[in-house]
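There are two complexes below, and they share chain A, which is joined by chain B in the first and by chain C in the second.
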Partner chain A sequence: MNAIEVNHLKRVYRAAIGVFKRSIKEVVAVDDISFSVEKGELFGLLGPNGAGKTTTVKMLATLLIPTAGNISIMGFDVVKQANEVRKRIGFIFGGERGLYWRLSAEDNLRYFASLYGADPEVSKKRIPYLLEMVGLKGRGNERVEGYSRGMKQRLHVARTLLHDPEVLFLDEPTIGLDPVGAREFRQVILDLQTEKKTILLTTHYMFEADALCDRIAVIDKGCTVALDTPGGLKKHVSDLSIVEMETFGAPEEVLNGIRALPFVDAVSVEDQDQRQLLKVQTERGAEAVPDLMAALDGQRVGRVIVREPTLEDAYVRLVGGKV
Partner chain B sequence: MNIRNIIKYWRVTLTVAEMTVRHQLNDSFIVFAVLIQPMLIAILALFMLKEKGTDYAMFVVVGSGLTGLWSSLLFVSGNSINVERWSGTLETLVGVPTPFEVIVFGKNLASVAQSLLSMVVSYALAALFFGYSLHVDQPLMFIASVLLTVFAFVSFGLIIAPIFVMYRGVQQWQNALEFPVYILAGFLFPIALLPFWTVPISYVLPPYWAAIALHGTTTGAAPLEETFFAWGLMLVFSIVDLFIASRLFKFMLYKVRVDATLDTE
Partner chain C sequence: MNVLTKNLRLFWQGTMLSYIALFAWLRPVTYAASKIVMPLAQMLFFVFLGTYATNSNNVDFYVIGNAVQITAVSGIFGVTMSVGGDRWAGTLPYLFGTPANRVMLFFGRAFMHVIDGTIGVVIAFIWGVTLLGLDLSHTNLPALGLTILVTTLSTCALGLLMGCLSLITSNVMFVNNTVYFLLLIFSGANVAIDKLPAWMQALSQILPLTRGIAASRALVAGQGLAEIGPMLLTELGIGFVYGTLGYFMFHWFEVVAKRRGSLETV
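Here is the complex of A and B:
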């Protein structure tokens, strides 16, 4: 039995619009997603903003009801047997919400331990253990409002482990953390994996997915675009090279001109203060550079390098250049 | 539900209540609703009834305490689910195995129990600043009435909270519901002074029967049968409220998961 089974999942949001003439607007957040996760596997869910990642995780965590399709967690249906699922899962959504800021970390944990039906005597031992595990030893009696964002995220991890769940859903858990905090958090995730927890992780950071995940599903527009190991996904771009070009305020029409070149497979643009970093995927490698320079049509160009593709480049190709 | 589950949920209820009190200790709105406003009402009423004697002073103490209970029920218990949604904790609470109505029961119990302080404050005010020598005529029956009142208010709150979540139009009338109940439930003067057509409305309000029981046992003026009748009706209302609440919670939890309104983000 797999820990997680997702079959043809669909979720439509309906919202009433208009004041005098009311009408219902439908938005398809998840159209058709299927995957399964083995016990003890660390599974990644990647996709651009609005691809349906958080919606999928909320359905997995019993917090949203699917419009169609079905999900089972450890053999239990998330709609019909929601309570059985809740006993076996833990979840974290990125951000600082979801804790009682005016209570101490220990009180927060005591509160949620009670809600998970934990024995008070067991909680007395488990709470200090978890605080130590997430690096909050000695800070447990402080109010959460005084915690940094990273400390709050680590407290969320402790909260979600109170009842020792078999399956964990981590939705962009490192978002907003500083580099040191994010690195510490990734270590916590790896520690959890050694405890044989089944983990589903969504993230925007490709290196994070590459370093942590056993397998990755890439979703776009609510559908599964690819599902493979990080190495397998990289093979999608093994025939390509990446030309990185630093530009300064290149207008959209020039970028569209590059996208339209016959030897260009995909282009992603990262805005970094005053400059842009163009990542051009092409089969021609270094030979493409002169033509690309010509297409930039006199724009100021800084550093230019040609390199091997990474998981991020595979991702860009799969979702059509949207990052 | 078996005995084991009842004990388990009672334990959860007490932990939720404890944490709710701790969390609300720094909330200035709670301090206003529970302490300041009933105190102001008590001062006003005590001045108005200055010449009427000790029995009236006790009536005012209990009545202003009841205003604190009702305000707490309306604003704190009524908003107990919405507050969790606004602060981003609702998803976490819905995602635990404990039934959500047990959690809200614990939160409401804390709010209503702490609002009993308003009665203590009014008592102290009447005794210290107005010089009344106050006593409760039937102390044991008064305590029983207080316990039943808390149970009736908590149960009533379990109906209001999901309604406020599902129907924002109703919540907009929240402020308008405060003073009419003070009047219709006879907190500060008997409903006999009101027009006849308002009486049936008073009879279907659990706070009215709470006021009958509390006023009756403090002054000793009401016959025992009247107090017992009020207790019986508070129990009946509580059981009916709990039954309706269980249905409302089931419907609300399904609806918010379909409408995706567990979180505001």
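Here is the complex of A and C:
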């Protein structure tokens, strides 16, 4: 039995628009997503903003009812057997909210332990253990309002492990954390994997997914577009090279000109203060550089390098260059 | 640990911690102001306005009416903040993602406010006696205490019903303010019920506080528990109906929020 089974999942949101002349607008957040996760596996869910990642996690966590399709967690249906599912899962959504800021970390954990029906004697030992595990030893009696974002995120991990769940859903858990905090958090995730937890992780950070996940599903526009190991996904771009070009304020029409070149597969643009970093995927490798320079049409160009593709490049190709 | 013990523990922890977590009034100065200054301000306002407008010496009518009505601060605002505060704290998804008993989760949010509201009314009565000449020498004080408790319970039950609205809307404080001010009139706190138009009298009969205030006035006038007993039982019954209705709405709104995806909307 797989820990998680998702079959043809669909979720449509309906929103009323207008005051006097009301009309219903339907937004398809998840259209057709299927995947399964084995026990003890660390599974990644990647996709651009609005692809349906968080909506999928909410349905997995019994917080949202699917419009169609079904999900089972450890053999239990998330709609019909929601309480059985809740006993076996823990979940975290990115961001600082979701804790009682005026309570201490210990009181937060004590309250959530009672919500899960945990034995007080067990909680008495488990709460200090979890606080130590997430690096908050000695800070448990402080009010959460004084915690940094990273500390709150780690407290969320402790909260979600109170009832020792078999399956964890981590929705962009490192978002907004500083590099040190994010690294510490990734170590916590790796520690959880050694405890044989089944983990589903959504993230925007490709290196994070590459380093942590056993398998990854890439979703776009609410559909699964690829599902493979990080190495398998990279093979999607094994025929390509990546030309990285540093530019300074290149206008959109120039970038569109590059996108339109016949030998260019995909282009992503990262804005870095005054600079832009263009990542051009092409089969021609270094041979493409002169034509790309010509297409930049006199724009100021800094560093230019040609390199092998990464998971991020595979992702860009799969979601059509939308980064 | 058996199910009953687990649920009682959940009730108690939910009661204490949600009160501390969500009720900013625990800051001593703000709390003291809400418990001591506000009841006095409300009583002074209505006592002087009422006696001036009616040109009669009926201070006790306004003192008792407003002293008991003050329980609505905890019963309506406090309870709603406790239930609705989870939306602002972003904890609703985490609460509804647990297998916790929803009855304990729901009613646990109100319990501290019953105590808090009762204390508020007692303080208001102390103001009435010390500053406005309220005479309790002929009053059955234990019966008055019971009346205050029962009235606070039924008002908190209405607050639970109001609090449920916060699961599907973020505009619940507007509704609460409206309810609080309507209670000032409809409960008979400041206008005798028999002076109200028929439709308002009918509405006042299905609200909490109405019988609690009437029973308190009767006790201060020297009547005993036997005379006001039926009023107290009806007040309790009204509280039970609002509490039950509130729980079913809480359950229903949880389902609606999961259908709509509105658990995290702020």
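Note that in this section the second predicted complex is superposed on the first by the 323 of 323 C-alpha atoms of A that agree within 3 Å, B and C clash if a C-alpha of one lies under 4 Å from a C-alpha of the other, contacts with A are read in each partner's own complex, and residues count from 1 in each chain.
FYI, contacts are C-beta pairs under 8 Å (C-beta built on N, C-alpha and C of every residue); 3 or more make two chains touch, one makes a residue touch a chain.
In this text the structure is predicted, and so the values were computed from the model without any measurement.
Overlaying the two complexes via chain A brings chain B and chain C into a clash. Looking at the shared chain after the overlay, A:Asn141 reaches neither chain B nor chain C. Contact with both chain B and chain C is seen for A:Tyr13 once the two complexes are overlaid on the shared chain.
When both complexes are overlaid on chain A, the residue A:Gln187 reaches neither chain B nor chain C.
Applying the stated contact rule after C-alpha superposition, one finds that A:Asn256 touches neither chain B nor chain C.
Contacts of A:Gly117 after superposition on the shared chain: both chain B and chain C are touched.
Counting contacts as defined above, chain A residues 13-14, 58, 61-65, 83, 86-87, 89, 91, 93, 95, 97-100, 102-103, 107, 110-112, 114-117, 120, 159 meet chain B in one complex and chain C in the other.
Contacts from chain C toward chain A in the complex involve residues 1, 6, 9-10, 13-14, 17-18, 20-22, 24, 26, 89-91, 93-100, 105, 258-261, 263. Residues 8, 11-12, 15-16, 19, 22-23, 26, 87-89, 91-98, 103, 254, 257-260, 262-263, 265 of chain B are the ones touching chain A in the complex.
Of all the residues in chain A, the ones that touch chain C in their complex are 11, 13-14, 55, 58, 61-65, 83, 86-87, 89, 91, 93, 95, 97-103, 107, 110-112, 114-117, 119-120, 159. By the touch criterion given at the top, residues 13-14, 58, 61-65, 83, 86-87, 89, 91, 93, 95, 97-100, 102-103, 107, 110-112, 114-117, 120, 159 of chain A touch chain B in their complex.
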